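Contents: one structure, followed by commentary.
Letters A, B, C and D name the chains as they come in the text, with residue numbers starting at 1 for each one.
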Amino acid sequence: MVFSSMTYLFVFLPMVLLAYFIAPPQARNMVLLAFSLIFYAWGEPVYIFLMLMSITVNYVFGRIISNNRANHSRYAKLNLGIAVGWNLLALGIFKYYPFVSSQLRGIGLKFIPGMKLILPIGISFYTFQAISYLVDVYRNKIRVQRGFLKFALYISMFPQLIAGPIVRYDDVEKQLSKRKVTLAMFGNGGEYFLRGLIKKVLLANQLGALYVQIESLGAAHASVLTAWLGAFAYTFQIYFDFSGYSDMAIGLGKMFGFRFPKNFDYPYTATSITSFWRRWHISLSSWFREYVYIPLGGKRVSPRKHVRNILIVWLLTGFWHGAGWNFMLWGLYYGILLLLEKYVVHDRISRHPWPGRILTFLLVTIGWMFFVHTDFSEMLTYVGHMFGVGCTFANATTGYFLRTGLLVLLLGMFFSTPIFHRLNEQFAVKYYTTSIAIRIVMFMLCIAALVYQSYNPFLYFRF
Amino acid sequence: MTDREARERARKLRFFRLLGIVFLMMIFLLSFLRLVWPRKAYSAQERRTLTQFPEMTTENLRNGTFTNAMEDYLADQFPARNVWVYLDDLRGRIMGEKYSQGVYRSGSSYLIEEFKRTDDNRAAKTTKAVMDYLREYPDISAYFMLVPNASWILKDKLPGGAPIDSEEDWYTSWSQEVKNANLSNLKVISLAPTFAEEAAQGKQIYYRTDHHWTTYGAYVGAKELAAQMGLAFEEQNWKKVEVHNRFQGTLMSKSGFYSRTADTIELYLPDPDVASVTAYKEQQKTLPGLYSSEGLTGDDPYEVFFGGNYPWLNISTKAKTNRKLLIFKDSYANAMIGFLCPFFSEIHVVDPRYYTGDIRTLTASAGITDICFLYNIKTYYEDASLSLILEGGEADE
Amino acid sequence: MGEQWDIEKRRQLYIWAFQAVALTALFAFVWFIAHEKKYKEVDVPQLVADMSTITQDEWHAEDNLSLKRRFGLAANDFAAVGYFGPNSNMDAAELLLVRVKDKSHTDAVVEAMKNRVAYQCTCFDGYGEDQMALLKDARYLTRGYYVFLIISSDASSVEREFLKQIEP
Amino acid sequence: MNNHYKKLMRKAFHLILGAIGFFLFVTLLYVIAVSGKKPVKAGVDIVKDIESQNVPALLQAIRQKDVTEIDVTVPTTEEPVYSVPEKTTEEATMPVTVPEITEGDVTEPADEPATQAPVEPTTEPPTQAPTVPIPTEPPLTVKQIKIMDFQEEWNEKLDLNDVRNLTNEEQQQIHAMFMNTIFFGDSMTQAIGDYGFIDMSQVIYKRSASVDALIEKIPEVAAVYPERVVIFVGLNNCNYYKTPEDFVTAFTALVQKLREQIPGVTLYVSSLLPPSDVLGSTRADLVRAPMYDALLNHTANMLGVNYIDSKWIVRQQNYLKDGIHMNRTFYRVWFRYLQLLMGPNL
């Protein structure tokens, strides 16, 4: 189930809100857990067993590690290794095995059995949460969770279950036991949720439609400018899609008294790639920094090793986003850009924020074109179009897309800057009735867009 | 904390509290309305049955059918669904969106369907099947008329630069294919030049909100066809009758682009009258004339012609001739057949999308003297059923 | 001291067992999931022809037009179709196997099959008891991309054979 | 504090009301956009006028014009002319004259002992003799000779089980000939369409129907305005009608209703075929089949319905498993026979 669906908004959400606030405080964790499991089971019910398995395994290993940490640290480390291995194995099989096996079979190793597995929703997110928990327990940064229910809730809590943010255990440890929701906090959560919904439904979906139209253009209609328009549309689409989802998760968390860390910090206003990655999907990049980069030695090593570390981290980051060569290429692309920034450009650009900003944005845009095309020949064609290979600079079709897509692109641009949010906040405080009226209308527009998605006329044939 | 800061904080709290209340009210109000809203079985606007509450079986739950159907059900049965669709249309209009579900919205209130060259082979296969079929009947005169669609004739009305494929290009290559088949008994009627002229004179050839041609368009088409068939078309008088003046057609339904734009449907009745009777063969009904009042008053008034599309119609007329015509057609022909009635004693109308009989038996046994293939380009390009019935069913073995 | 060591050892044994179970459970689950989802691609018309010989039912291979006539389905909408229809209007046995291109077509195909069976039922109702028995026992199988209608005097055998053929 | 929340609630309430108002406004816009999708009344009336024309009258006018206004050149009767397009228009009028030909000539004399046919009908050709009218009057008409020749030829083929399928040409001739004919009956009739001899659009049937049940289907037949109706029913009637009188009454009613609802129609009825030997020996009620058939023949003659004796085509090996219905072979000969009797070549 996704948040931007009818089932969620008008069946699941009212039910969980009612049940949660009617239930006595000590039963609330139970309610949340039950609904979380239903939420998870909604799309692909069998994977509920994987989820339960993961919860149990990580719970028990957490206990084993914490029991042995003081006296038998090697034994604890062994168990940590096994537990992390277990998590990575689960992730590896479900997410990467189909890809790897098909690649291996492709080069002639026919004895490897191919498998078609449906990716369990959110497995990349909750596996990483579990790993961070185990490592933190081992490092004695947090106290082990003895309550199974609370631990299960930490892993499976529905707001952040399927698309992050990757919540660190110490962020929510206290709230798992004791939390309070005030009306204002609830309203604050509602504000986040609505913002996320608007980003997803009104911006991301429309930008996505624009991108799909441009992407599927035949060679006869393609041009440089159109290709860039499409690339910008996708760049904004993925931002609003992802950050919208994070906003909704944070908002929902707030409604139930949890404070999740922020996941995006206006990434498209970043002045360098380094700063872009400090602002984009923060919970993921900090996870990689903490659990991969620093254990490898970080930057306190020889430059050669540092280069190695960075490349490893970024290959993994790329691969985390999906099982495909293009994701690796995308990760590598950032690894190289970051190395260039560190060793070649240094902080020259940070002295000139605007050129840096524009350059960063363009590089990120190009990066997304590696990200979105799983097929290499399509990727080459598209990126080729962006640089004028095999097409003109602009044509009539460009004009068409400029006229029909410019407004939504400009809105996207405006929405992804802090200026908008500052103005929005000031306006909300000053004219609070009006701004709530605006939110109501926006919410109604979201519903209209969701209803329209199912508008599916059947005119010519009855199949 | 200064006074000002405290005031600011209080205002902020007030805003969030109010928002919390409003958010809850919205969610619960709509959920409640959704619960009590009467269920609908059919949407006249989309012309499809709406999803009902899904069947809950272990199998359905296990493979995710239930959950998908649930989402469809909720969206289909949402309170005042059509108004929400309209609201989204308003939003799209403000945002400058011009395209939806294969339909472009033009400035001059025309909705125009796109043409996409997805698979040239399918149409080539159909053309080959037609040529092979016609080759078997060298004594029968054959006519092939592919009617250009609005996206060709009215391409100036499309939003500038809209990325549609050119029907003209495809038509040119198709003409070449037909020419190469070298059939002496086949005549091809190209309507584009005439239509372009008519459109330039401001005549309405296509409905603004429907993918069909107007009866006037069909009249122009019939005139061209009649000239090739050697019919005394010019001597015939027609009485124009307006039967609908608020016609909102399939393109409006298809795209969800709603506006007050409406069209007029006219009928051209032969004057003096030519008695005709239509046998709906598969429906086993024989009815007088060519028109259906039920179709006219129904969801799609274009169905005034014959009440819709049927597999096989047999029209007998009082025309003083012994020419008998067999038409292979799509819904475009429905508006045009009336113009041919005064010139043929019998017309067999076959819609390959639904016809399942043996076409060769029909051709030979009905005493056919003329065969006409009458399609609009888009349907001809996209539809595979014509080749299926012409090849006698073993097409895909 | 020894006793405590024993407890320690037993605890380690438990942990060891847990580790083993955790791993086994994961693999068992993967095996279960992967096992369930996989069906072989077969030559559909050939398979149907083979299965038609399992029983003594009176049927014969039909062409695409009969498929369109009786089920309202166009063969070229699907990846592959195999259809055996009744020999005479006094027979009810039929086999229709469809491999859909897209799983979203499955419902429409099953719907068409059900309509056909319902229509046949109206033909034989209160008239042909044997035929009604066959129709009542009509089976609709959906496995992966396959949709299969079995109306046969020995539907179970046909079903078993079909599952055997597509199961790797 | 309490006051504060009250104020908030009131404000929230107003906002929601505003939202509803906004929604109603959009509804209004929507209703305006799609309102008045009504056709012009005068136009509907004109269409309804056209629709309310009398079909039989129209059909009569249409069929008449062929005779009166087009020059007719009589085709040579020896060759089938249906595949020659130009000549078919006048052919359509020919069947009108057929009834006179078939009546009396084709039909069995009612007093012929039909009972003997089912007892041992097909084992040896001599028993076929009764089905061929052997006139005592010396001059055999051309028609009778043709019928005899036909039966002789096909009896032989049936006995040798060498009945070939209809050729495409024969199929087309049959198709053309029965364009304006409806085959009406129970499962015996359904087989005609199922086996593909005639397009399903020419067949109206109700399985396992008695003659009474067929009466209810007459409006469906009437909706087609056929020129000819061929009735072919089976053994259902033997156990449905307990007494012969009931059967006769029902059949009479069927014929009357058909004529009432389809003025000018020419009716044909095919024999009620006996059950197979195997079935006949086990089912007491079916023993009456020959008697019912004789009654059918008699009643048909009384009512001026053309009775087509088709019992001579029955062979034991051509029964389906149920012992009631016939396989394709039977219908192949049946159709050729029908073509001979009802066609213009006779």
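As a convention for this text, contacts are C-beta pairs under 8 Å (C-beta built on N, C-alpha and C of every residue); 3 or more make two chains touch, one makes a residue touch a chain.
Keep in mind it's a predicted model, so treat the numbers as computed, not measured.
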item: Touching both chain A and chain C (chains); value: B, D
item: Far-end chain from chain A, centres as C-alpha averages; value: D
item: Which of A-D and C-D has more C-beta contact pairs; value: C-D
item: Whole-Å separation of chain centres (CA-atom averages), chain C against chain D; value: 40
item: For chain A paired with chain D, centre-to-centre distance based on mean C-alpha positions, whole Å; value: 69
item: Centre-to-centre distance between chain C and chain B (centres being mean Cα positions), rounded to whole Å; value: 37
item: Interchain centroid distance [CA atoms averaged], chain A/chain B, Å; value: 43
item: For chain D, residues contacting two or more additional chains; value: 11, 15-16, 19, 23
item: Numbers and ranges of chain B residues touching at least 2 other chains; value: 14, 17-18, 21-22, 26, 45, 87
item: Residues of chain A engaged with two or more neighbouring chains; value: 46, 433, 436, 440, 444
item: Graph class of chain-chain contacts, one of line, ring, star, complete, other; value: complete
item: Chain D partner contacts - residues on chain A that touch it in the complex; value: 433, 436-437, 440-441, 444
item: Of all residues in chain C, those that touch chain A in their complex; value: 15, 18-19, 22-23, 25-26, 29-30, 33-34, 37-38, 72, 77, 105, 108
item: Complex contact set, residues of chain C against chain D; value: 88-90, 123-124, 126-127
item: Chain C - residues contacting chain B, complex; value: 45, 63-66, 68-69, 74-76, 81, 107
item: For the chain A and chain B complex, residues of the former touching the latter; value: 1, 5-7, 9-11, 13-14, 17, 42-46, 183-191, 193-194, 202, 206, 213, 217-218, 220-221, 395-401, 403-408, 428-430, 432-433, 435-436, 439-440, 443-445, 447-459, 461
